[in-house]
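These are the structures, in structure tokens.
Paired with subunit B in one complex and with subunit C in the other, subunit A is shared by the two complexes that follow.
Presenting the complex of A and B:
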């Protein structure tokens, strides 16, 4: 086995093993890797956010004469008022501003990105005579299952009525549909995670230990 | 002119037909056909621009160009390779290429125009060794439309939902406590988990997801955090709230501080229990996992927007034996919470729980309004599918975006 002599590959390999040692139990190697990870990433993100967001979007346009940017800069600096107990109440102004604007904008995004596509997706496979003429038997059954699934799942999310009577039955059917969907999603995502594990193992065995070529 | 061109092209086609390779064809024949194709290349006929129209429902930055393809395409399919769309700001000005489309295409949307400016267009058919141009056509202008008719459905649904929400907020304000919201099992579980943590003398860990305060799930999480903080303040339990975003940390501090004021214990509020860890997703995961293993909190709350970290948190928390209550609207992450946590708020339940626990008429009325909107969508879907099965599809067309 010819291990690499590159120092950065060694550091990355040893830190990877230190993180994986958590699978056994909490230990000093994991603690060292954890503290390095948390500290380095916090510093990295501070620099990243400054150079990729604050500086180019706020200060560069301000230098070019866009004085409207003074408003977000003032709001941003108001976040620092929480450092003093006497002025900490001022932090509510930038928080409220961000909340109001972003949630308002997301109303349209939710309608256009989630709600309407869901309705379209339910409508689109159906066509005149589709159930009996165009599709084969199992495709027609699939369409009916789709419709029942959408409608019954929708009833599960009614919160201002007790789930009793007809609503109780339909919402129960909706829960079954949800659980089937979760099962499928679980398996799919686990497969993706296993591929991530393989990627890391490949790094250890190939780039670091040179066992795999 | 065009007619005579067609005759020439037809003649070229007949010449070529006479040289179609047959069984037993020799290499000399192939060379002859290639030579013939080369000689036929100059016979490409130009395309003809049919229309230049402002692209509808846009901000005035696009013109739709439509043309009749070169007649040579149908006679000698291999002769024309592609079409170039060229644009100029005057009829005799310099034409610059704005787009390239494959053979067989007869339209292009030029989305690089300025509103109100005049533009002239020309289409060039490109062959192997030749390029022929259509006549120049124009001027065309692009104009901004104030109303995007392609989004009428979105507008209707948005207005309908908003009106219902506003109406029921007013109802909830006028009749406080009278608007019914069904009790979710998780409400009792919250009290139970905090009570257990108090008895064991251990902390309550609260994770509010991986997104900042501009995400609705984080805001809903804050409402539940207020309830959790009310209980921890009442019972005298300690909290641990590591945050991934600085603004979420500030908001969590304000929320918890208010809870301690509400239950009359402002002196017991400790802002050091709510702290920033790191904004890096897996750095945050590593830090929180370490906290779970070392401090062994008795109750873990994961409420908000979660991604790949969901399973890691839930599994580690399960290993420490904590009561775990989770909730997210991220569909892909819900299965992990469902299998590893004691109680899970599924999707919209996260918002409803926040509203119900807060008792705030604005939030309660909003949930009631959204329920009515859902009932309308239920009827809309059922009616739309039935109508579509008998050939009426205007309910679906109302939804078409674009």
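Presenting the complex of A and C:
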């Protein structure tokens, strides 16, 4: 039976059409849907942050006698001191704390999670000296292409000398690798966008209109 | 106005309409184009397939409803595979709006299809705030980070969690991710410290970046976008939304390739004319 869904599916269906109507031209239906989205998001996140971050992680443990939590609560309230010119200097303390923690985490992440394993992954097949013995032919070719790609792309971003001669040729090869990477990203982006469109159209045709089974 | 000028000034709404038609028509007239399974997806399937019964798989729901068309089919297929192999599934999420999607997937697959028991075969810890800090602590002490499940039940009263205490009790982590916090944090803060098997399912936009982690061995599998989900659906032998969407994907991709070629030909002809 057509169009017999519940009220929430109807609301979702109508809002979807209102948002897509922008593709024709800007109109009041689109504006209404946009404002509803912005308003709901603001309200949702305000309530959400309180009940999922502040209340269970700060105030509940504080009520159970964990008085160390006073420190983050005070630091949190100090963020509001920037609202007044007279007290705005106090905001440096919580910001410094956040920067320090973030930096510590990021440095470890960059070295342990990215730089070292990626260097190992790129160079270790060659360091072992057993490229064609350990891996099959096409994997070995792939690893060589990978190494050429890494080195030539790095060369492209080496700006301390003019890109002439060997440096120029290598950086030019690096540009081609970058182009292939951008092309792959563009292709994947199209795939993602079509997936989103498919998801919405499938919802409209099946969950809302019941045309599709 | 010449044909060349007419085409180059084509109303973009006509392009939108043709793309919409290219997506809709295959829904009514499915072509059932073949879906080839790629090595990154096969690798993940093989890892799950080789895990001993009652091993623990942690599925992190790191997406919201906008990522659902691409990631929810993959979540459902992975859960089907896990429960078919009698693995235990632990669900949590670094994205709050993803929690209802995780709940719905568990209700559909664990309860509806496999009749699994909550607290024994699967547990849902819901949203876990804190991103990087949470993941660092999770690997050290799961019970400390997940003191209560999604419904407020204390972790100690869930029998499944008796022998799941730290990272080495978890056989595989799969981050179903569409951004930050997500797979990046799992790789940088969890895998870098605790190692173990880590895999990811990504929206298509994010997928290219993660092939490097696959090559370096930091990931044991990668599902990229709706196509990857369709491949996994094929491996578990159950057609889902991703498989249905592949015809629409293929036709609209052909159309867009046509538009790109047409645009370049017109650009080249106009340049030549000038």
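To be clear about the criterion, the second predicted complex is superposed on the first by the 180 of 213 C-alpha atoms of A that agree within 3 Å, B and C clash if a C-alpha of one lies under 4 Å from a C-alpha of the other, contacts with A are read in each partner's own complex, and residues count from 1 in each chain.
One rule holds for everything that comes next: a contact is a pair of C-beta atoms (placed from the backbone, for glycine too) under 8 Å apart; a residue touches a chain by one contact, two chains touch by 3 or more.
Since this is a predicted model, take the numbers as computed values, not measurements.
Chemist: Quick one: classify A:212 as touching subunit B (first), subunit C (second), both or neither.
Modeler: Only subunit C is touched by A:212; subunit B is not.
Chemist: For A:120 in the superposed arrangement: first (subunit B), second (subunit C), both or neither?
Modeler: So A:120 meets both subunit B and subunit C here.
Chemist: Hey, is it subunit B or subunit C that touches more of subunit A?
Modeler: Between subunit B and subunit C, B touches the greater number of residues in subunit A.
Chemist: Tell me which partner A:52 touches in the superposition: subunit B (first), subunit C (second), both or neither.
Modeler: second
Chemist: With the two complexes superposed on chain A, say which partner A:24 touches: subunit B (first), subunit C (second), both, or neither.
Modeler: The second partner, subunit C, only.
Chemist: Kindly classify A:189 by the partners it touches after superposition: subunit B alone (first), subunit C alone (second), both, or neither?
Modeler: both
Chemist: When the two structures are overlaid on chain A, which partner does A:112 contact: first (subunit B), second (subunit C), both, or neither?
Modeler: It touches subunit B and subunit C both.
Chemist: Kindly classify A:201 by the partners it touches after superposition: subunit B alone (first), subunit C alone (second), both, or neither?
Modeler: In the superposed model, A:201 contacts subunit C only, not subunit B.
Chemist: Is there a shared patch on subunit A that both subunit B and subunit C touch, and which residues make it up?
Modeler: The answer is residues 108, 112, 120, 122, 181, 185, 189 of subunit A.
Chemist: Please output the residues of subunit A touching subunit B within their complex, sorted ascending.
Modeler: Checking each residue of subunit A against subunit B gives 19, 22, 25-26, 30-31, 33-34, 37-42, 44-45, 49, 79, 82, 91-92, 94-95, 98-99, 101-103, 106-108, 111-112, 115-116, 119-120, 122-124, 126-131, 147, 150-151, 154-155, 157-163, 178-179, 181-183, 185-186, 189, 193.
Chemist: Could you pull out which subunit B residues touch subunit A in their complex?
Modeler: Going through subunit B, the ones touching subunit A are 151, 153-154, 157-158, 161-162, 179-182, 213-216, 219, 246-247, 250-251, 253-254, 276-280, 282-284, 286-287, 289-290, 293-294, 308, 311, 331-332, 334-336, 338-339, 346-349, 352, 356, 367-368, 371, 374-375, 377-378, 380-382, 384-385, 388-391, 393, 395-396, 399-401.
Chemist: Spell out the residues on subunit A that touch subunit C in their complex, using ranges where they run on.
Modeler: On the subunit A side, the touching residues are 23-24, 48, 52-53, 57, 105, 108-110, 112-114, 117-118, 120-122, 146, 181, 184-185, 188-192, 194-202, 205, 212.
Chemist: Could you pull out which subunit C residues touch subunit A in their complex?
Modeler: For this pair, the touching residues of subunit C are 13, 16, 19-20, 23-24, 27-28, 66, 68-70, 96, 127, 129-130, 132-133, 136, 187-189, 191-193, 203-205, 207-208, 212-213, 215-218, 224-227, 241, 244-245, 248-249, 252-253, 256.
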